[in-house]
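Two complexes, one shared chain (subunit A), two partners (subunit B, subunit C).
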Partner chain A sequence: MQMSDFYSGLRDSVGDRPLLVVLGVCVLILLLDLVRQLSSGALPARNLAIFLKNGIVLGLIVGLAGVGLSMIYSILGFANFAHGDYLTTGAFAGWMTSYMIAGFGAFGLGDLFLIGIAGDATTVGVGAGVATTPIAILAGLLVAIVFTVFLSVAIDRLIYSRLRDEEGITLVFTSLGVALVLRYLIAFVWGQNSTGLTSTAEPKFSVSSIGLQINAHEITVAVCSLLLMFAVHYLLQYTKLGIAMRAMADNRDLASVTGIPTDRIVRSTWVIGGGLTGAAGYLMTLESGTLAFNTGWTLLLLIFAAVILGGIGSIYGAIFGGLLIGVASTVSLVWLPSGFTQAAAFALMIVVLIVRPNGLFGGVTTA
Partner chain B sequence: MSYTDRLRDWLLTDDAALMLGVMTGLYALFTVFGTVLGLNFAGIVSTLQQITFFAAVYALLALALNLQWGYAGLLNIGVAGFMAVAVYTMAMLTAPVNAPAGGVPGLGLPIWVGILGGMTVAAVAGGVVALPALRLKADYFAIVTLAFAEIIRITYNSQLFQTFSVAGFEMGTGASRGIPAPTNPVLSLYYTDPSNYSAGTTAFGSMVFGAFGAIGLDEALVVDITYTLILIGFLVLYYVLLSRIANSPFGRVLKAIRNDELVARSLGKNTRWFKIKTFMLGCALMGFAGILWQGSQSLITPTQFTPMLTFYIFIALIIGGAGSNTGSVIGGALFAGLLFQGPVFVSRIVETVFSLGTAPNTFPDAVAGLAALRVEPLLAYTLSNLASLRFVIVGLVLIYLMLKQPTGILGHRKEIAASIDITERVSRENSVTPPQSEMNPSDSQSRGSGEDDR
Partner chain C sequence: MVANQKRREFIATVGAVSAFGVAGCLSGDENASGNTIKVGVMQPLTGPLGSVGEPARDAAVLPAQQVNDADIEAEIDIQTEDTQTDPQAAVSAAQSLVDADYPAISGPLSTATTLQVLQNVCKPNQIAECTLATAPTITDVDDNDLLFRTSASDALMSQAVAQLANEGMDVSSISTFAINDSYGQSLANAFADAFDGNVLEQVSFESGQSSYTSKLTQALSGDPDALFIVAFTENGIKILRDFYSDFSSDTEILATSGIYNPAIPENVNADLTNITGVTSVGTGPSLDHFNQAFNDEYGSEPGQFTWQAYDATATLMLANAAADSNDGAAIKDNMRQIANPEGTEVTADNLAEGVEMAMNGDDINYQGVTSDITFDDNGDVESGTYSEYWFTSDGALETGDQISID
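Moving on, here comes the complex of A and B:
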């Protein structure tokens, strides 16, 4: 009796979602194949560990940037296409500071301003890095955060604040305009070539049992991202500002009636979202060691994918989505050639949306 | 009513006057630019031909996008991907079976098969995306189309498919090196052997080249002008087709969906199916426009289909006004003429009129001139980096439009979903109510700029 109930229940749920079953089978096949490759030695454990490590580091950065995007989405109701370029701007401001501190006296200010794109202050010459110039890196991170905060608040004041009552789509296109202006102003000043940033002589720590190496920059990125994520979590859950933000994300009119100063909350959202984005920009370029005018724009699609995968509006969704996107894009290397890492991440997003149209944490629009 | 009568009637409408006026204005502006630059007659004609070419391709794409976004409200930000699918399919079908060294083998089919195949595959790709994605919210749908376009571009860029064989047929995408486009059919109109001009011209070719050569236009320019005229022919076809669709029962359902999908569904319309059909048709039209544009270049590479291309087409549509076919054409022309070619010409004029000397290599060097109270280095630097500054201008125009006129130039015009204008009848029967069109049901495209209603 119970057994037949179980089977009919199973049949019902399978009948309801044939797609889910197909996908489940696909995932199972991939997992089995992974185990097979690991046990047969076709895929050394060390390679998988490297994929996972790279994926987690990328995922933390994408998640960090995604939290800002997600917060703006839930409070203001639009997808900010300029988010990636906020990230680039923060990175440029931060690295200019780092270079000016690390290379002070040794190079002219004009050369340091160009952060190695042209001029005498080359990447090797300045030799910026966590171990070699810790103060310059810390100052750079702080400046990246502060500058992006100012930038996002200023752009909100100048442009977005005039469009508060407009539809989301108007704001989306406005943000696209902002994105173009920011990106190509950077290209105008620094040119369209990418530049190396950090010295390669960073200390590495190895996990001897599988031969995995983790360098100091990756550790810095992981620690900083996790700290910032916990800070946001604390802020949203336990402070008055966080509660007000969640209330506003839930129902703006109700929040306004309750006496929550919505304008001030919007500004705070930009401050927090902008700060996280600036930090993500600096940390990302610290880890990758390169920077170009379109660094953030190329990352933007991954950030969107992460946010949507997690469910727009949920910061935990953004963090989880970021990790999933990061790991999926690198672990895809087990099966796909190296050109397809981003394609794998996008495909994962599309598949998840087909199964769960609101994202994994969908419907939870409480910041 | 005969077609000539209809054409005359249409030419007397505001829409025709607007479109012709915009093009005349652009031509006048660029003739002045060309004259100031000291171009000869052929140079000016060549300039106008280029302006027309870009205006036409952007107008074609804006029209196709307008069908999806302006009429059905489907936010497709993967236009570049659907273009890529069509252009690549066309190139892969028509590439020679025995490719020369370094080339890409294909199926060697005639070009019209390639074009039809490209449009079909683009439509199918649109269906594949729309079928599952239409269940999603608008924002999610948009991102899915963008992600799809990127997957397409990454796939065409991959070494994996540089050459491959399907059922014994060798073909390939050429990966990042690109795939050569088929010979432009216009060339065979003029040359007996399009791959070897010295083999001689056809009788028609000799006649036309002779006539244009007499007024100083060389053969290459004549070929370009011919191709541009063909583009204009297709633009007219697109315009007529899409205007007819918009006014057909099918188009009225689309407008109803855009205004209020729930109402359309309550009236028994299968809105999902309408949307999928519209999306597929739009993708096929985008694919053909892509073939006409990128397929006419000598080489097709994945870098021609970056997401920015999609956003340029959106900007063209937004300038003109979503939801209006006339607006789409005008937007395409203004975007191509003023925003894309305009800054280039202005900078060339500034360079010839003022002698600024060589431009500094870096921004700090350019600014260093200011300290010595010299503006020229900064100005020269600005002009030499115009490629970047041009996009800053595009961005600023977009922001300005969104702040001042979010509906574009013609977007405030309301195309009603009903076949009969109910508001008109109300005003006729009840003379107390002044005749006006502000009583239309709320329209998702009208964003509070009804004061300048015409």
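Moving on, here comes the complex of A and C:
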């Protein structure tokens, strides 16, 4: 009897969600093909390991940047298009600090200020890196966080707070304006060419069984991102501020009525979201080693994809969505020609949205 | 200081624009004067090609200065625009040249900007365009014969790289790693056809990625003898950083003009001795005069694409003089007239006299900086000369043998 119940239950759920079944079969086929390629040697294990490593590192950065975007959305209800440029600004502030500390005395302050884009303080000369100049890197990360916090709070005070009651579309276009102003202010000072920043002589750790190499910068990025994500998790779940933020995300009026100081919560949201964004910008540059005035703007599309895929408003969704997008954009090389990797990441987002229109963690706001 | 330079440029632009506005009000229709030869110059002064575009712009305005300094009837009126290496921005820049009645455009540099400007501005308005873009697609594009180019097609470049790989370096298997646009894809495909050996993987990449390691892994998965990279300097920095951080330098790297840039060793921070590349060089009859004039004017050595840029402006100027009108259709009809054989030879040395001769209706034959400049039916030059280059262990760029392809 139980077996027949099980089958009829299965039949019902299959009947209800034909799309899900088709997708499940597709995923199964891809996984089987992956195993086949690995065992036949068509895909060396080392290649898959490199794809996964890069996907995860990219995903962590995108996820970290996505948390801030998602928090602002859940508390203030608007998509901040200037988010990518907050990231760039944080990265420039942080790297300027790192260069000033790492190259102090050896180069003029003016040259260090321009982080090798012009002047004598080139990558080779300064050689900033986790192993070579750990204090400069740590200070840079802190300055990136603090500067972006100040920037985002200041922009909120100056611009967004005056538009708090406006429609979403007004805010979206205002944030696009803020994005352009920030980006071209950076371009005005540092120019539009990208520059190499980090030392390439970092220690590497190899997993000898598959020949995978992980360098010190990648480890730093992964550890810092995970620590910051856990910190946000702890904050939201176990502190008074976190509870207040969740309450406000659920129902702003109700939160206000129960005596939660909503203005202070909004400011705290910018502080946390801005800080995480600045950190993401600095860490991304540490990993990729190059920085340009439009780095954050280029990344913004991926960040939005991650946040939407995870369910906009959910920070766990942003983290998980970032990882999924990052890994999809690299592992898809196993099956697809190289021109389609970016497209594959977005196709995955569309498929997830068709199955779960609110995203993976949709409906669970902030927490 | 970059800041100062930008500010100066900004002020100069504002000044130029307002001066132009005033001039427009005062003189009215300039076409009527007949002695003013108008040429618009477009180069990427910012964006991925900015570092190449600035010297190219300097070279492109040089013919006008030479003629204006000489004591002749005609005056050259030149206006410079920035394409930002972006097709959209290039179209607006070209449109502003057309709005200011410029009948011909010298430049731009990249294939994508050239094609957009051709389709959206030059064809509708009958504007002659002399580009420096190198993609083979330029040859066959439907252009109403408005489009010319002074640089050699990458169909020739791909043969030069293949010849270097096959004969100079004895490479038997290779993968390509090319930027995902019309320039990169057509060059990589033309190379794959010309190369005599195994092409293992053809990988394409998008510009502006935070990591290229995964795609490099894919390209190098068959363990090829060499990797052929087609990238601009901007992407090249990031790609080479990823290459040297994760892969063995035993793999030879073949490269094109994009890697031929001192910014590469400054920003990559690795031993680059496994890179060998080819870059286009000027070998035309005017080369020495041009080098001298460029050095006198700007105090620096002319680099890649300066030769082609000079030739582009010079041919458009001469064709304008021969047509005796600031009319795009008339200019394009005179391009072969002034550049191809038969006629008095004109070089960078006697350019002003050449303009006078052309205005008098004499038959002239422009002998360029890049080559002797002879346009075929497609508006292409007929041969390309390239120079082999490599990096020394302390990061200096060195050039070696020349490779000529007809």
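Note that in this section the second predicted complex is superposed on the first by the 356 of 367 C-alpha atoms of A that agree within 3 Å, B and C clash if a C-alpha of one lies under 4 Å from a C-alpha of the other, contacts with A are read in each partner's own complex, and residues count from 1 in each chain.
As a working rule, a residue touches a chain if its C-beta (ideal position, glycine included) is under 8 Å from a C-beta of that chain, and two chains touch if they have at least 3 such contacts.
As the structure is a prediction and not an experimental result, all values here were calculated from the model.
Novice: In the superposed model built on subunit A, check whether subunit B and subunit C fit or clash.
Specialist: They clash: once the shared chain is superposed, the two partners overlap in space.
Novice: Pick one for A:G110: touches subunit B only (first), subunit C only (second), both, or neither.
Specialist: In the superposition, A:G110 touches subunit B and subunit C alike.
Novice: Quick check on the superposed pair: does A:F92 touch subunit B, subunit C, both, or neither? Answer first, second, both or neither.
Specialist: After superposition on chain A, A:F92 lies in contact with neither partner.
Novice: Give one of first, second, both or neither to describe whether A:G339 is in contact with subunit B, with subunit C, with both, or with none.
Specialist: both
Novice: For A:Y316, select first, second, both or neither according to whether it touches subunit B, subunit C, the two together, or no partner.
Specialist: Once the two structures are laid over each other on A, A:Y316 reaches no partner at all.
Novice: Could you say whether A:A118 touches subunit B, subunit C, both of them, or neither, answering first, second, both or neither?
Specialist: Both subunit B and subunit C are touched by A:A118.
Novice: Answer with first, second, both or neither: which of subunit B and subunit C does A:V189 touch in the superposed model?
Specialist: both
Novice: In the overlay, answer first, second, both or neither for which of subunit B and subunit C A:F361 touches.
Specialist: Neither partner.
Novice: Give one of first, second, both or neither to describe whether A:Y160 is in contact with subunit B, with subunit C, with both, or with none.
Specialist: neither
Novice: By the touch definition at the top of the document, which applies to A:S288: first (subunit B), second (subunit C), both, or neither?
Specialist: second
Novice: Just which bits of subunit A does subunit B share with subunit C as contact spots?
Specialist: 110, 114, 117-119, 187-192, 337, 339, 342
Novice: With touch defined as at the start, can you tell me which subunit A residues reach subunit C in the complex?
Specialist: Touch list, subunit A to subunit C: 44, 46-47, 50-51, 54-55, 57-58, 61, 110, 114, 116-119, 122-124, 127, 187-196, 199-201, 213, 215, 284, 287-290, 292, 294-295, 298-299, 330, 333, 337-339, 341-342.
Novice: List the residues on subunit C that touch subunit A in their complex, please.
Specialist: For this pair, the touching residues of subunit C are 1-3, 6, 46-47, 50-51, 84, 180, 203-206, 208, 210-211, 213-215, 217-219, 221, 234, 237-238, 241, 244-246, 263, 265-270, 395.
Novice: Considering only the defined contacts, which subunit B positions touch subunit A in the complex?
Specialist: So the residues of subunit B in touch with subunit A come to 75, 132-133, 135-140, 142-144, 146-148, 150-151, 154-155, 157-160, 307, 311, 314, 318, 361-365, 368, 382, 385, 387-392, 394-399, 402-403, 406, 444, 447-448.
Novice: Report the residues of subunit A in contact with subunit B in the complex, numbered from low to high.
Specialist: Touching subunit B: residues 79, 110-111, 113-114, 117-119, 159, 162-163, 166-171, 173-174, 176-185, 187-192, 301, 304-305, 308, 312, 337, 339-340, 342-343, 346-347, 349-350, 353-354, 357-359 of subunit A.
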